[in-house]
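Two complexes, one shared chain (chain A), two partners (chain B, chain C).
Then we have the complex of A and B:
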């Protein structure tokens, strides 16, 4: 029994990790219809800055704060420099720019931080666990799970249940009408990128602390799983994204336990994506706006 | 043309010829960029030390040794491109490959077809030396590493083991050797698991191993995935002994794992305290050059320069076929990695297998296993 409970908890924790890594992307896509693949680069950037600052100052709090602030600025700059001028272009233009940006970012990390990546000089968290009914739960995983659930449900409520959130969504489908109602469309866009990048940085630093390693290609696996989560979750739907993340995590956890002789973890994730979309093309939730 | 200008031209032409033949060019194929750059940096450092030392003692056959470095990024396609370029130029006397199995294996047949000496310092896939008689291996075959690991674990008194391997050529070859030997010496295998190179989260694997409760876990991976795996195994509550393959025996692995690596045994790699004065002297210089992160890869690279230099001195020539025969005939040559007893008929190295243990954040040499 403990074994299956272990798999369940592991699957949920993995799902929360994916949720945290993709919530920013879901927010940006939901509000701006931009498939910001370079979000994985911001995830890595946040991790690199967080670990570097922590090593420099011996303070994880400073590392976290620095990672969040600098990633928010980076996200807003990305929007301003790369996306703002191509908003009226077909969607594939933004996708291509984003892919190129991600490649450039990964190579830049390689040059600046080194090929092997970086580790925390002093990491008191990654080996710390809490015993819950015989299951060892890593404290960082627990924190990540808690933040993911709070963030996603909070954002879902904000975007769907508040006047401000609805006004933000209106900037996607009817920007002129939204402006005439006093909604600052430009501000909404910058905020979406800023908040999305902040969430990526939080996820990046926490995963880096959990693994005690961040490499230049840290975000590459996250990037395509985040895309899968957006699609499975219903294109911009926050609750859908959380549900999709948890399903993906559980599928990988149980799938690897029983089928790892035949398929690896990423193949199992891809299979889940295909099966769900064939049964339900719109994913788990309805898209926003 | 006047007589003066004729002689001037003749002198220029002769000196050009002399300078062209004054250098012996040795190539180094290694990953300077990409996830395996730890190895590349150390291999480069080792090669530079070897060339500097050989040149400081007068070079070889009165000629200076020159190093040409090629970055394969552990990509098979890149290694093939390098091999095609190098074998068509025909400037190199030999190519030393300090890289992973995939790019080394990809390039081996090209060097064999071109009848150019190809010395695989670090790659372990069995098919590499099967390319032909111009291809030699300076590190142990993956399978023989696995065999020695099985023998070591049996010697320690373990009865039941779980195997975890990275899903690539290297992992497959090591584990094949381990399983074959385990069957012969009655070492039980409780379970076997594989993961992909990009995996960093191992929750399911940890749960599986805790359920299996083996006496020991053997891990065949690299520092960037084996490190998180070891940390997660310890954090997940597995307290049993761990034994790892050579590619996890480096400083980066210790940095990633921290206290989680305490007590882990690594088979067939050399620690800075490897009991050979020449190795320690070499390691001191490697450290001075900031290239000490992968000492085993570095020492294997350096040893091939020793072997090549010895072969060139014995033949008095850089002719590829004579060099090939001289390398194959090498016997009881002292190298920084211990005595090289020779090469097998299949051009595999015959040398000891050192065992390390992680103690207080460092690797320490504990014993050597003879082939």
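Then we have the complex of A and C:
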């Protein structure tokens, strides 16, 4: 019984991590129809900066702030430099640019920080657990879940309740008409890249603190899976993506427990994706949110 | 000719076949696939398993092609259900599924793959001639399809499926045809690769390979046979030519991919048109 509860909690936490990492991807896809694979690079960038700054200043708060700010800038720059000029090209061009960016970022991390990656010099949270009803829970895991719930609720409020959020949704559904109502489409795009990169950076630092390690290929764990998530959720649909993240997290957690001798983690996620898409070709969600 | 040159010729021929096989699906028929390495892998594993069991190499080639095409048919069926980016991600998932199954299967050698595949018995020159000859046949086939009624139908499906229907082109059957043809050729490339490398590991057929082959056809110029050949040769020779970059090779590869896509998104096949426009307009 405890074993199943453990799997459930692990799955949910994994789902929260996926949600944080893939919300940005959903936002960007909804606006620009770009599969922003380099988002995984931003995730790693956040973690790398967070850990380095924390080591330098011995303050996790400064590490977090720095990681968030720099990742937001990096995300916006990626849009400005690489994506803006190829928006009219067929979609595979953007995919290849994005993959090229991910390769360049991962290889730069390898050259700058070394093959083995970096760790926190002094990590008070590493392997620290609390006991909840007989289940050992990692503190960082709990914090990650809490932060995911808080930020995503905040985002939902922002998108649904504020003027900027409404302008944003208007741009997603009808860009031309939104422009004629005075919405600055370019600003909305920067906002999507900024917020998406911020969430990815937060998730990146949290995972780095939890594992006490960031390797150059740190992001590949989430990169292709977050693509699967946004497709499962129905491309560009945020609620669908959240649901898909949780489903995929649970499927992986239970799947690796039961089918480990036939399929690896990625294959289980892939199988879930194929089965769901064949049953519902547009994913969990309908249309764009 | 020494063994190094023969090896390079063989590898280039294999990559040309592999790239042209994806070009049938993505270039002609417009169905973007991010999991093409799986079919290359199915061909390779079929050929390797049969060769290890004692079947002569030449007899394993048709089997590899047929088995790849059968799997290609089923993946092709998904393209009838999902389109565009959804299809790209679905094919990516098929690639990961293939990799996961192979990694965990003791029958297929697991992580260690299959080693000591017996030689084909054609000799090193014979092997090279076989690969180069197959590449030439595939190039001619590719050009033939491009000019043929089938190629026209593929292009109709690529540009507008609904419009294709109105001129009595049935998109599902042409998509399935493209998938079967493309995956069969990928199976051929896989079988030839086994004979070239003599051992295979799952990682050879990972997502990176699918991306590399997509990069070949895009850098070469999607849909253009000779452009794709040029792209395949360019990316195959890349590690050899840029050996001096050592540690920075992957970085250079990524940067080149970005630069080419940003500045010549139509690929090498689009370069003459750009030059012509520059020279004709003052």
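Definition applied: the second predicted complex is superposed on the first by the 270 of 289 C-alpha atoms of A that agree within 3 Å, B and C clash if a C-alpha of one lies under 4 Å from a C-alpha of the other, contacts with A are read in each partner's own complex, and residues count from 1 in each chain.
To be clear about the criterion, a contact is a pair of C-beta atoms (placed from the backbone, for glycine too) under 8 Å apart; a residue touches a chain by one contact, two chains touch by 3 or more.
Owing to the predicted nature of the structure, the values given are computational and were not obtained by experimental measurement.
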Side-by-side fit of chain B and chain C on chain A, or clash: fit
First, second, both or neither for A:179, with chain B first and chain C second: neither
First, second, both or neither for A:264, with chain B first and chain C second: both
First, second, both or neither for A:253, with chain B first and chain C second: first
Partner chain(s) touched by A:55 [first = chain B, second = chain C, both, neither]: neither
Contacts of A:160 with chain B and chain C, given as first, second, both or neither: neither
Partner, of chain C and chain B, that touches more residues belonging to chain A: C
Touching partner for A:6 - first (chain B), second (chain C), both, neither: first
Touching partner for A:92 - first (chain B), second (chain C), both, neither: second
Minimum distance between Cα atoms of chain B and chain C in the superposition (Å): 5
Overlap of chain C and chain B interfaces on chain A (superposed complexes): 260, 264-266
Residues on chain A engaged by chain C in the complex (per definition of touch): 29, 33, 35, 82, 85-86, 89-93, 95-97, 99-104, 107-108, 111, 224, 227-228, 231, 235, 260-271, 273-274, 277-278, 281-283
List of chain B residues in touch with chain A within their complex: 33-38, 40-41, 167, 193-196, 198-201, 203-208, 210-211, 223-224, 227-228, 231-232, 234-237, 252, 255-260, 293
Chain C - residues contacting chain A, complex: 26, 32, 34, 78, 81-82, 84-86, 88-90, 92-97, 99-101, 103-105, 207, 211, 214-215, 218, 222, 247-248, 250-251, 253-258, 261-262, 265
Chain B partner contacts - residues on chain A that touch it in the complex: 3, 6-7, 10-11, 13-14, 17, 110, 114-117, 119, 123, 126-129, 136, 138, 211-213, 215, 217, 220-221, 252-254, 256-257, 260, 264-266
